[in-house]
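Just so it is clear, A, B, C, D and E label the chains in written order, and each chain counts residues from 1 on its own.
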Amino acid sequence: MIPATFDGLMPIVILMSIAVLLFWGGHFASVILAPKKPSHLKSTPYECGEQPVGSAWSMFNVRFYVVGLIFIIFDVESVLMFPVASIFREMNDMGQGGYALIIFLSFISILIEGIAYCWKKGDLDWVKSYQVSLNDNNK
Amino acid sequence: MISLASYLVISLILFAAGLTVMIARKNLVAILLGIELILNAAALNFVAYSRYVTNNLDGHIFSLFIIVIAAAEAAVGLAIVIRFFQIKETVHVDEATQLRN
Amino acid sequence: MNQTVVSYLSQYEFYDSLLALFGNNQGLLAFTIFLIVALIIVGLCATIGGLGTYAERKISADLQQRIGPNRVGPYGLLQFLADGVKMMTKEDVMPFTADKMLFYLAPMLALVGVFATLAVLPFSSGFAMADLNVGVFYLIAISSLVGLAVFLGGYASNSKWSMLGGMRGASQIISYEIPVTISILAITLLAGGMSFGTIVGMQKGLPINWFIFHNPFAFIAFFVFFTGALAETNRAPFDLPEAESELVSGYHTEYTGMRFGFFALAEYIEVFVVCGVAVALFLGGSNLPVDIKLDIIPIQIIEVVIFLTKTLLLYYVVIWIRWTLPRLRVDQLMSVCWKYLTPMAILNLVGCAIWLVVFNGKSMADMVFGH
Amino acid sequence: MFIQILFGLSALLTIGCAIAVAVTKNIMHSCVFLLGSLIGIAGLYATLGADFVAVTQIMVYVGGVVILMLFAVMLTGGKDYVSKAQNLLGLAPNMGNKWTYTIGLLVSLVFILTNVKLVSSVIKANPAKTFGNEFPSTVNQLGHLLVKDHVLAFELSSVLLLGALVGAAIIARPRKQ
Amino acid sequence: MEYTVGSIAPIFLSPVIAFVINAFFGRRLPRHGDWLAVLSVFISFIFSARIFSDFVFGQFATDYYVHKTFTWFDLSHGAQIFKVDMGIYIDNMAAIMLLMVSGVATLIHLFSVWYMDHDERHGRFFTFLPLFTSAMLGLVLSDNLFSLFIFWEIMGFCSYSLIGIYYEKEKAGDASIKAFMTTRVGDVFLLLGIVALWMVLGSVNYVDIYAAIAEGKFAGQSVLGISLATFAGFCIFMGGMGKSAQFPLHVWLPDAMMGPTPGSALIHAATMVAAGVYLALRMYPLMVLGELTTFIAVIGAITAFMAATIALVQTDIKAVLAFSTISQLGFMMIGVGVGSYNAAFMHLITHAVFKACLFLSAGSVIHAIHEQEMPKMGGLRKKLPYTFLAMMCCTLAISGIPFFAGFVSKDRILGDALYWGFMAGQGPFHAIVPILGFSAALLTAFYMFRLMFLTFFGEPRDKHIYDHAHKEHLSLTSNVPLLILTVFTLGFWYAGTLTGQSFGKVFGAKTEWFKILVEAPKVENFVNHPRQAFGSTDTAEKASLPVARYDHQSGYAGPNPDEHKLHTAHTIGAVASVVIAFAGVFLAFLMYIRHSIKPWADNFSGITTTLKNRYYFDNFYVDILIKKGLLGLNRFLAWIDMGIYDRYAVDGMAVVNRTLYKASKWFDNVVVDAIGVDGTGVAVNLFNLVLRIVQSGKIQFYFIVLITVLASYIWTLNI
């Protein structure tokens, strides 16, 4: 096994730089090649030919946030599960598979509890979430 | 070679930036941004010490959990901000005066 | 394990002479090799991405009993070059209400996120640029930049269609990241590591050794992964962020010229990357089905060809799905993710863990053929 | 050599973006600069050989926290929402004015001066070390630590996240007015 | 035999799991999860049976034990050791106890499925029952007084919940509170005892205590001027008195019959009350060292006699059984006191079996006729043949008729008491113990047969009730548990050669396996006791079992030089108890079947009233202690409040105030108005300015303060 070196991280940086350079290059090319005839009407935001009214930066529904919320919790839980998952086979070979399984399953069970809660409370319903929570409050 | 001091200085600057954000900004979301910066400064210190001082991975574990807690804190904090906005129609921190008096 | 192109090449004699050529500066040599390989891969992927647009149009035409592009080059093969040139020569329009900085930044973020994933894609046992210990994990993490780019693109345009598309796109991408991540977690569990080298190395031999056939749960996990990946790349039937019949063009409504081109390029390369990851994780990657005694270079070429063949087959499937299935509604989209795919993915993960402990890491093939 | 370059780039990104977070007047830009800063920190983690932590940083922050913050900005009125009541009350603007910045910078200065003392003592206590170009994989060790030494924290973090999920969902869920 | 945690832990854990599941998901489960409770306890029973067969049939020596510990918490700092171990301690006694508890509990659970069917508190009942069982099993398994105390309290809580399960009934609520509070009195003492031991020994492990006794660590130690052994032993015994309902803390047990009958069977007959006796047996060396045995014997004798007399006049079928329980517990305490260690333990086991059976039978009767008053019963043996059979056998057993379990054990206790009282050369005062014991035995036989005759024999006294009684059919949940328990009321299970340790007279009760397997811990064996980590398999060598045989010439092969005398005492005791038992039965027969003797209630009305009022104990506690004592204290405090505080402090204050008022009026006019008001306004404004900055409610300001304070703290650090 060849130990990893920091040079192994080089491709990531190189590729990112290539992406940036490519972007700049393309941009530069378009600056050179593309015609430039700006007009006010041309640079209004597209709204099916109508004059846009107001800014698009308005308030959005909370359900977007709730989805993001569930996502971030799951994201973090999966982050914590990754190291455990990658030593799972090793522990199993060492004869500690049962222990690892219990640890792992109890972790996952709490995860499942979270999704079950959100499911029950209607946070996973895109349309109904508002009505469901209205009913909840009436109880 | 990179020394421990450089990491500490970076972390210090991060912390100071976060501190400035937290004090100077009046937007609750921006204050949360400052908190993230401060937490990251701390986590960076943990990892740096883990490599330069203790030579074990406990610092990594610490910063892992800092990240976890920061995520949880951001989730709950932003939820509170959103709720606050729904009630008060503003995210200005000095308007959060319900508990006054 | 942890092979990079450089460490792979360093096993051979000509590496030493190369090293001498660079004045024994290992870092510089590595940089040069990496740069060359990166350019090759980027070129390859850009070509594939470009050909992807051609293939998409050709296949869709086929499915709809049309001819499709046929003017530029033989069979219209050079159509994508023509498209590229067209984009470069289009006027670059930015809405005056836009957030200039973010408008500029968003396509770049998408491009960076997609290109950075290429670093760990295992084209062959020696042609992977980097085999990080956290390979798959890195890939998931860095590809979430694309979701951010979609959101920022939608936001920066300050157009209602873009904003809606951006919000939808971001929430869809982050939602579908969960089943994908958990399916990958199941594979990590089975392989006992996150590096692509480990994962692909575990699947040596006949197709029966692939992880998709390792156990029933992994089999389901593949489909969960693939569905989720389709949604993450905003492909039909999950192309809600850019649903042309509802949102004009979604988050890139306001993008023109080269910036639009970069968004499109990023999207097509991401589809390619996702297919490649599916191949590496579930379908045996670049492994040869049998041991062939050949020189190094031919084997590498064969492996690359195998990998590309599998990937392009999946790519075909993706296009096929796009032109076959109708688009989901946004509430269906969310319920598919949270109520079907995520519980299934968790179930698969639990199932794989239990399978691993109960059968002591044996696959179905091991039990049938008795290793 | 590469590691120094990586460190330099990351440090530049981190510090530059962190300062930009503090300086910019646009909350959306502030979030995006925070993203840059966090990616820079991930790079710094990479230079410390903490590959898993680095990727976790990207995964959680880039994929999660920053998107959540952007959502929150959108949900609280887009770019920079200033309520009418606020104008009437004559409060400082949301993104601060020169007075708030003066106070903030002063406190930061105090903090920096204080910490210079701490940092210098730490550096005195820890003689410089040099490391080779190699770094061992941390994933497996982290896994073992999580499963063995820190198993309680591991399980409890799951409970914490559950609590955060439930609590935040309850708080954020739309209600009848 | 190798014991791992996996083979021991399920005994305790499976009912706990059933409890948790039933507590959280019981409502969702079919039949409220009663099957789960039964199953879980049955699993415990199977694991216990394995341990039992290893220990008893494997003929382990008396001093062989399995002791596994793990560190619960360790707060040691330097030389100061503060470490608490938890663990498992199993010897022969615990093995037998485990089998008894889990077996009886299984049958009771099974019976409850039938008894509690269609009851509205079905789910709640089956939530607490497994928890209760697990606590008792945990108590038996525990290796130290701390964990014993924990399980002790869990049992207290469970009994509270089970007694008060019909909490809407005022009597049930009161009874549960009474049970809880009365046992709390004992528990406080128990905790005191544990703390006293802990302070001196630094450990409350049984083995550590035994070792300390052997090493003489108790010598010279004293608490409050009393020697430590006496103090700790007394306090621990007080705990046992509370739990085992000994005089004078017995008042809760009769009231505790308000709960469902199977609950009573489990709590107040078979297991929980046995915990006190079990504790006394475990701490026997401490009691001996503390010279408490006489005290214990006397308490036991008083309890036995007193409860037996009260039982004579009770008309509620469960009340009779409750008092008989107290009486039998008194016998056990006599056994502990007079040094008949294994007989006391044996009586604990036999009593658990037949008393559980009696309670279940009573439950069966109550379920059939929905009536608890015996005067309204009669002639039920035709309607309830299986219950009658079961109850008859148990009554024979409890009365001490030969060939039944009670005879075997009670006879030995009485024989030892006889020896202890008359022949061991002690003072004449000691004779009171055997006398009261034998009297109680007589009364036991009498009142139990009174119960039988009133319930099952004769003509039905209430035709209506009799006609509405359900005819009994054999079914797994209703009668079979009774019949199974009935089988084990036969004497030969407990006597003689069942386990093949010795060839001897089967019913002669002289070479019982109990005698060989269970004996008081020999403390000197524990001095260098081995400890094993919790997870390890058990590897300690078990000593081969010395076979004790009775020899007419030299007595037992035991250490007692007076074996021969003892044997004589036993012979006398056996004969006497047989005679007494039959006399009791005959008396009951004459009174309630032949009616040739009038029941004595009419002759001794004063005594009967006293007995019916249970010696006015409840009245004493309520009227004297609480009303007089507590209310008197209250009144005293009220007097202090009204008479002293009000009169002098408050009224005096008024006078002072009035004076001050005059002074301040002047002051107000001159100083305040002139200087104060305006000045105060200015001052307040100034003060406000400062305070407003500090107490702004603005989080950012707090943050600034925080950082500033932190910074200044760091500056003061000398680094």
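Basically, contacts are C-beta pairs under 8 Å (C-beta built on N, C-alpha and C of every residue); 3 or more make two chains touch, one makes a residue touch a chain.
Since the structure is predicted, the reported quantities are computational estimates derived from the model, not experimental observations.
A.B. asks: Taking contact as defined at the start, I'd like the list of chains shared as neighbours by chain B and chain E.
C.D. replies: Chains that touch both chain B and chain E, as defined above, are D.
A.B. asks: Looking only at C-beta pairs in contact, point me to the busier pair out of B-D and D-E.
C.D. replies: Ranking B-D and D-E by C-beta contacts puts B-D first.
A.B. asks: If you take the mean of the Cα atoms for each chain, which one ends up farthest from chain C?
C.D. replies: Relative to chain C, the chain with the farthest C-alpha centre is E.
A.B. asks: Measuring between Cα centroids, what's the chain most distant from chain B?
C.D. replies: Relative to chain B, the chain with the farthest C-alpha centre is E.
A.B. asks: CA centre of chain A versus CA centre of chain D: separation in Å?
C.D. replies: Distance between chain centres, rounded to whole Å: 17 Å.
A.B. asks: Where the centres are mean C-alpha positions, what is the separation of chain A from chain E, in Å?
C.D. replies: The computed centroid separation for chain A versus chain E comes out at 59 Å.
A.B. asks: Suppose each chain is reduced to the average of its Cα coordinates; what separation in Å results between chain B and chain C?
C.D. replies: Taking the average C-alpha coordinate of chain B and of chain C, the gap between them is 33 Å.
A.B. asks: Find the geometric centre of each of chain C and chain D from their Cα atoms only, then give the gap between the two centres in Å, rounded to an integer.
C.D. replies: 28
A.B. asks: Which chain C residues reach two or more other chains?
C.D. replies: Correct list: 2, 27, 30-31, 132-134, 137, 155, 167, 171, 174, 177, 193-194.
A.B. asks: Could you list the positions in chain E whose residues touch two or more of the other chains?
C.D. replies: Counting only residues that touch two or more other chains, chain E contributes 704, 707.
A.B. asks: Would you pick out the residues of chain B that each touch at least 2 other chains?
C.D. replies: Those would be 19, 22-23, 64, 67-68, 71-72, 74-75, 78-79, 82, 86, 94.
A.B. asks: Output every touching chain pair, sorted by label.
C.D. replies: Contacting pairs: A-B, A-C, A-D, B-D, B-E, C-D, D-E.
A.B. asks: Would you tell me which residues of chain B are touching chain A in their complex?
C.D. replies: 64, 67-68, 71-72, 74-75, 78-79, 82, 86
A.B. asks: Quick one: in the complex, what on chain D touches chain A?
C.D. replies: 2-3, 5-6, 9, 46-47, 49, 51-52, 56, 59-60, 63-65, 67-68, 71-72, 74-79, 133-137, 139-140, 142-144, 146-147, 151, 154-155, 157-159, 161-162, 164-166, 168-169, 172-176
A.B. asks: Can you name the residues of chain A that touch chain D in the complex?
C.D. replies: 3-7, 9-10, 13, 55, 57-66, 68-73, 75-77, 79-80, 82-87, 90-91, 99-100, 103, 106-107, 110-111, 113-114, 117-118, 121, 123, 129-130, 133-134, 137-138
A.B. asks: Give the list of chain B residues in touch with chain D in this complex.
C.D. replies: Within the complex, chain B contacts chain D at residues 1-10, 12-30, 32-34, 36-37, 40, 43-44, 47-48, 50-53, 57-58, 60-61, 63-65, 67-76, 78-83, 85-86, 88-92, 94-95.
A.B. asks: List the residues on chain E that touch chain B in their complex, please.
C.D. replies: 697-700, 703-704, 707
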